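Each structure below is given as structure tokens.
Two complexes follow with chain A in common, the first pairing it with chain B and the second with chain C.
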Partner chain A sequence: MLRYMLKRFAQSILTVALVVLAVFMLLRLMPTSGYFSREDYVTMDEAARTAYLRTLGVLDDPFTQFGRFASALAGGDLGRSITVYPRTPITEILAEKIPYSLWFGVAGISVSMALGLLLGVMMARYKDGPTDWLGTAYVVVVRAVPSLIYLFLIQTAASRLLGLPMIFYADDVSSWILPAASMALPGLAWYAIWLRRFMVDEENKDYIKFAVAKGVPRGKVMTGHVLRNAIVPLVQYFPTQVLLTITGSLIIESIYSIPGMGGLLVYAIRQHDNTLVQALVLIYSALVVAGVFLGDVLMALVDPRIKLSSAPVEREAA
Partner chain B sequence: MKRATLVAATLAMVGLTAMAGCGAARKSADRYATTYFTEAKTLNYFLLLDSTAQRVAANTQDGLVENDRFGRYVPSLAESWTHNDDYTVWTFTLRQGAAWVDSAGQRTAWEVTADDFVEGLRYVADPANGIKNVSTIRKVIAGLNGYYYDLLDIDEGKDIGMTREAAEENFRTVGVAAPDPRTVVYTLTKPTPYFLSYLVTELFFPLERAFLDQVGAQDFGTSRERLIYSGAYYLADWQRDKQIVMEKNPLYWDAASVPVKTVSMQKVTDPAVSVEMFIRGELSATGLQADQVKALAGTPQAEFVYPAEISSVTYWFIQNFSSDNPEFRAFVNNPDFRKALYYGIDRVKLLSLYDPYNPAGLLRNTVVPEETVVDENGRDYTDYPGLAELKAAGDYFDTDKARSYFAKAVAALTDGAGAIKGVSPATVDMKPVAEFAVDGKLPLQMLYVHSNDANDTKMALLLQAMLEEVFQGQVKLVLGQYVDDKFNDVVEPRRFDLVYDSFRFGFGDPSAQLSRLVTDGGINDGRYSDPEFDALIQEAEGENLLSERYALFSRAERLFIDRVYVIPFQVGGGAYTMSKAVPFTYPRGGFGTTRFKYKGMIVEREPVTKARYEKLKAEFLSEMESATKR
Partner chain C sequence: MSDRIEPALFAPAAFDAAAAERGGYESYSYWRSTFRTFMKSRLAVTLLLAMTALVAFSFAYPALSGADPNAVALDTERWNLRPGSGSGPFGTDGLGRDMWARTWHGARTSLLLGFVIALFDVGLGMIAGAIWGYARRIDRFMTELYNVVTNIPQTVVLILLSYILRPGFWTIVIALCSTGWLSIARFVRNKVITIRDAEYNIASRCLGTPPGRIIGRNVLPYLVSVIIMEAALTIPYSIGAEVFLGFIGLGLPLDTVSLGNLVNLGKANFMLYPYQLAWPTSILAAITVSFYIVGNKFADASDPRNHV
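Up next, the complex of A and B:
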């Protein structure tokens, strides 16, 4: 196990480094005129434009720039934003924004996991009954209707109906309810439908039929065997989902004016903010890699049949 | 020394005091709440990159002069000023006791002194600080251009025979000086009777050097604590992408003229949310797009909707006089064809995409905007002969005239059988925008380039159908598209026949636009050449008496439009608003930063109705006429 973990860790570091290098170099291929508005472009002469680009640090050789980035990173310095929040240390921006995304993300995941798993169990337990139909209808609506439609409906109609604020205010707890609920809706559907599917699959397996035939109570079969085995494929994604809450939700943070991380990467790319993009890519890719790794470990812990090491399994003598 | 200026300044002060009295007498709500859509990228007020940062800077920093509610230049941190006879030396006397306050509204160790204005310009003039707008004034202040390029050359590694430190020492040769703590003197490169109009921009704001040294150049303005304030408000809260709260500066020199104590701005991304928040009473003001106005029709809120202020930005169509498309190149150099386009584009129909209720309200027929440049007699520049008729013409779309001019162009440019003289079949390579074949015969094919914005695309399709109909199938518009922020890369390198563009109006003189439109001008995108127009502009630039100067500029502009080098069609801004702020109680202007001040604004408990707005507007225009004449 330890050997496996060390190997995966080394692979992870390499993967993240390659991703960051690739993005870093690709960013340097973008045309520099993107740093100027139309007005700036015509007002400034070539020399002035060059001087401005030099202040942004985007004119040096890309490998020199990467070396500078890597050595600063080694000292824990992610650099400063150049166009999104000019000259502001990136660590300062992240420190402001991550807590919002993390809080709402964790709240959303907690609600969606708790209610989604419960709904999935109920749908599987009462398959083809009203609970299953209603659950399926909910899942179909959430997954088929463009999210902007129902999210905007919640924001306007539900906020009016319940007397809740339309946007998020840090000092007003009531304003946290709708964004957290909106955050939970798609995840809830995802957990419910997949758990139902895996549980129904398990229920049809021979060992379950055997257990039922032997007279094991249905409740015990569902929780002790069906649920336990059905949840294994889902467990793998938990760490990634939790870790990626840091990246925020583009749509929900946007409509509720939550100053989180959602949309920051897209905006940074559009604004040609190389330093911010590479910092975010570094963080996001590290989170994904860590999430996948932790997912594997978690799956091995939940399911004793899964071995992460390639050590030979000792067979019991017949 | 010009006594007239002193008198004007005194009168303006009297007016301001009277207005302040008015403001104090009228009861205002303490709080003004609104929304914004684009985050302030930085609080460094020399580095203004967006309208939100401009608004924050305008309200938290003062300059030497500011706009009043009529758009006039009135004293701010300078209590008076004089200039020499040829307008090349301007001397400002600062008011005493103006303090810098911190982000808690507390007095700092510093007062605003003349040195702060010198340091402000020093900061702006250093290319290492990356102030893009410095290009606007580099050639206005004596010595600034040379100083800037010396530093720039050194930063580029060129050997100019001195170190950077030595070059920085040369700032003393730049035309700004503080002979004593209350006097700032600017020396200019040439007579500049409109110099005050530069002073309402952020480029002339003061900078406390000791504070800059304390926080460091890199960190200056990256948070509200890393800034000090000289304006009517200080920044009490700034959460990026969330909210901006400005509180009234208790030490402000003109506190009596600031009725609103708190300005709260919430960031939203959807204009519909802003409107809904206003309806629920959470906001004091909101903007509306035309479709939102339509949605409110028949509701109680409909009576509160009135037109928002238009801006000084003018959108105009540009034709490429050296196009790679031989068919268009032959036609565009024919004045009759350009006239045909001038009369053949139904601009009102195009503008109905932006405002279906009152598209004609978005029309502009001149390059220089109205109500932005006024002479010494209070006469608006666009009311000068030549331009006044253009302005009054409104919607001049005329199919018959368009066809008549087109027929003349066709007669001159084709052989009578539809073949365009001197044009052979060819492939026009304007990749990545477009590539298309032309056969050298009518119908004329021309490339119209537009952005991928939904309204721009609709406008292109509408224009395509419109020109085909007006010119009875003899003009075919080929459409090419670019991604919205890639104009500089894709279109500017001559890859268009027809396109539209717009530029900021930078300062209070027609030269702000017209001098950039001459043959070698920076915004001559069409690459036309007209020595007569160039000569008129040069003559106008040399005239210092404003009325004479504007007469010459207006002649030049009329000639420019008559020869259809560009086709102005749309004003910037527009749209609609609902507000509890009483219109015309706060500053206005066509350019610069100080026009965004909330100083003087009266906020009421109920929204202003459209009927009341119309009444207030009529009163205001009448007041403005007498005020600017005075």
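Up next, the complex of A and C:
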């Protein structure tokens, strides 16, 4: 068990290191003109530009640069932003932005998990009934129509109908409702449809038929056996989803003007803020890897048949 | 006594189709059953027809009508005309461009994008997934590659590509495929692993069938339905991705008429001219929803458990 954990941990470190290295090298392929603001680029002459690039350290061999980055990282230093928030330590930027994304994300996940699992159970319990039909229609719309479209329509329609603010104000609680509800929509559909699918699969198994034939009440079969087993393949995704809330939602944060993490990565890439991009990629991929590991642990806890020391049974939701 | 069996003792039985039906799977054909199960759902059939009509019209209209989706009206009277007021069924936009023509040209661009991405994703993913699932030796490497590639943010790849190439159709295709094929490959790999160790394949291996033949003849035919479903679901995904990329400013160039560009333009004018968003969006939703449902219904129909 311990050996497995250690091996897994070493493997995770390797994965994260490879991702960061790959992104680091990709960023070094970009033209150096991106490190300047437009005015600076025009006003500086060739020598000044070279001098500036040298102070940034981007003219060295990429592997030397990576070594420097890695040793700074080992000392707990993520570096400073170059162009997005010039010379601000990245940890400071993150400390300011993460809470917004985290709270909206956690609110969204709580709502989507509670309502989504409930909807999934109802859809499976009353299969082919009106609940199932309506639930499926909802899932299809959310999953097939690009989210930008329905999120935008909800923002305009709901704010008018319910009299809620159209953008986010940190000190006005009523302006938090729409973004939090919007955060919950895709997750709700995801939980509902997969729980329904796995519950229906489970219901067709022999042991369930036997339990029913034996006279176990329907409700008890549903909660004690069907739900208990159907939720196992979903459980492995919970940790990743919770951890990734800090990445924020680009669309929702942008249409409601929430100063969270959502657009930061895209913005940093477009502004050539390499240190910021590297820090974000490092954090996000570490979270994904940690989430997958925690998911396996959680799955082993929920389902005693799954042993952590071997590869978990593949049963995927997507 | 003679050991010979007297033929006179036997009478041939007549073939009874009803008895064969009762007796089980003698006349079972996988594709016929899939087709029949699919056709049983009226919703699926209706949407399949709608989908075909939408795709056909998206390609036929731009080819047959001479309407130019980029034709700007210099007369301000022709700007922002509401649908039906002598300006084509969907009205005109802020530069007097015909929304009907723009919507269908946009649908064609977006569908084409979806088809190309589906072709590459599914084609590459299927081949790579079959090899990945079949050859145990490369499993370690491929799993690590999958972990690394799916962890690289797509925007990094996309922005980098727009520096190297130029923002456009093929940039988006390459960027979306660079990760898409791997997730399909992983999906196919998981399927292949379960089929690979089925008894008939162990037998086949023992008889010395070369791996290429086992993959091609024994494994892949069982994946055809899965593959068709993946291809159908890639279309709504790539149309959605194009809308999103337009939103963050990395989509197709603005002079290219695509559903993503129409949605993002329509969004800007939504308060004053809601129809400029509503019509392209309705067509877009009709396309994505019909592909999504048909893909899923087909997946259900192709599952042998739903056949009997």
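The rule is simple: the second predicted complex is superposed on the first by the 299 of 318 C-alpha atoms of A that agree within 3 Å, B and C clash if a C-alpha of one lies under 4 Å from a C-alpha of the other, contacts with A are read in each partner's own complex, and residues count from 1 in each chain.
In this section, contacts are C-beta pairs under 8 Å (C-beta built on N, C-alpha and C of every residue); 3 or more make two chains touch, one makes a residue touch a chain.
Because the structure is predicted, anything quoted here is derived from the model rather than measured.
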Does chain B (first) or chain C (second) touch A:277, or do both, or does neither? second
Which of the two partners, first being chain B and second being chain C, lies in contact with A:77: first, second, both, or neither? neither
Of the two partner chains, chain B (first) and chain C (second), which one does A:289 touch, if any: first, second, both, or neither? second
Using the superposition on chain A described above, determine whether A:36 touches chain B (first), chain C (second), both, or neither. first
Contact-wise, after the overlay, does A:93 reach chain B, chain C, both or neither (first, second, both, neither)? first
According to the stated criteria, A:156 is in contact with first (chain B), second (chain C), both, or neither; which is it? both
Is A:303 contacted by the first partner chain B, the second partner chain C, both or neither? neither
Looking at chain A, which of its residues have contacts with both chain B and chain C? 31, 152, 156, 254, 270
Please output the residues of chain C touching chain A within their complex, sorted ascending. 144, 147-148, 151-153, 155-157, 159-160, 163-164, 183, 187, 190, 193, 236, 239-240, 243-244, 247-249, 263, 267, 270-271, 281, 284-285, 288-289, 291-293, 305
Residue ranges of chain B in contact with chain A within the complex: 41-42, 44, 47, 49, 127-130, 132-136, 149, 152, 155-156, 218-223, 239-242, 266-270, 273, 276-277, 280, 282, 485-489, 492, 501-504, 516, 522-523
Using the touch definition from the top, list the residues of chain A that touch chain B in their complex. 31, 33-34, 36, 38-45, 47-48, 50-52, 54-56, 80, 83-89, 92-93, 96-97, 152, 155-156, 160, 165-167, 170, 254-255, 257-259, 270
Any idea which chain A residues touch chain C in the complex? 14-16, 18-19, 22-23, 26-27, 29-31, 140-141, 143-149, 152, 156, 204, 250-251, 254, 263, 265-266, 269-270, 277, 281, 284-285, 288-289, 314, 316, 318
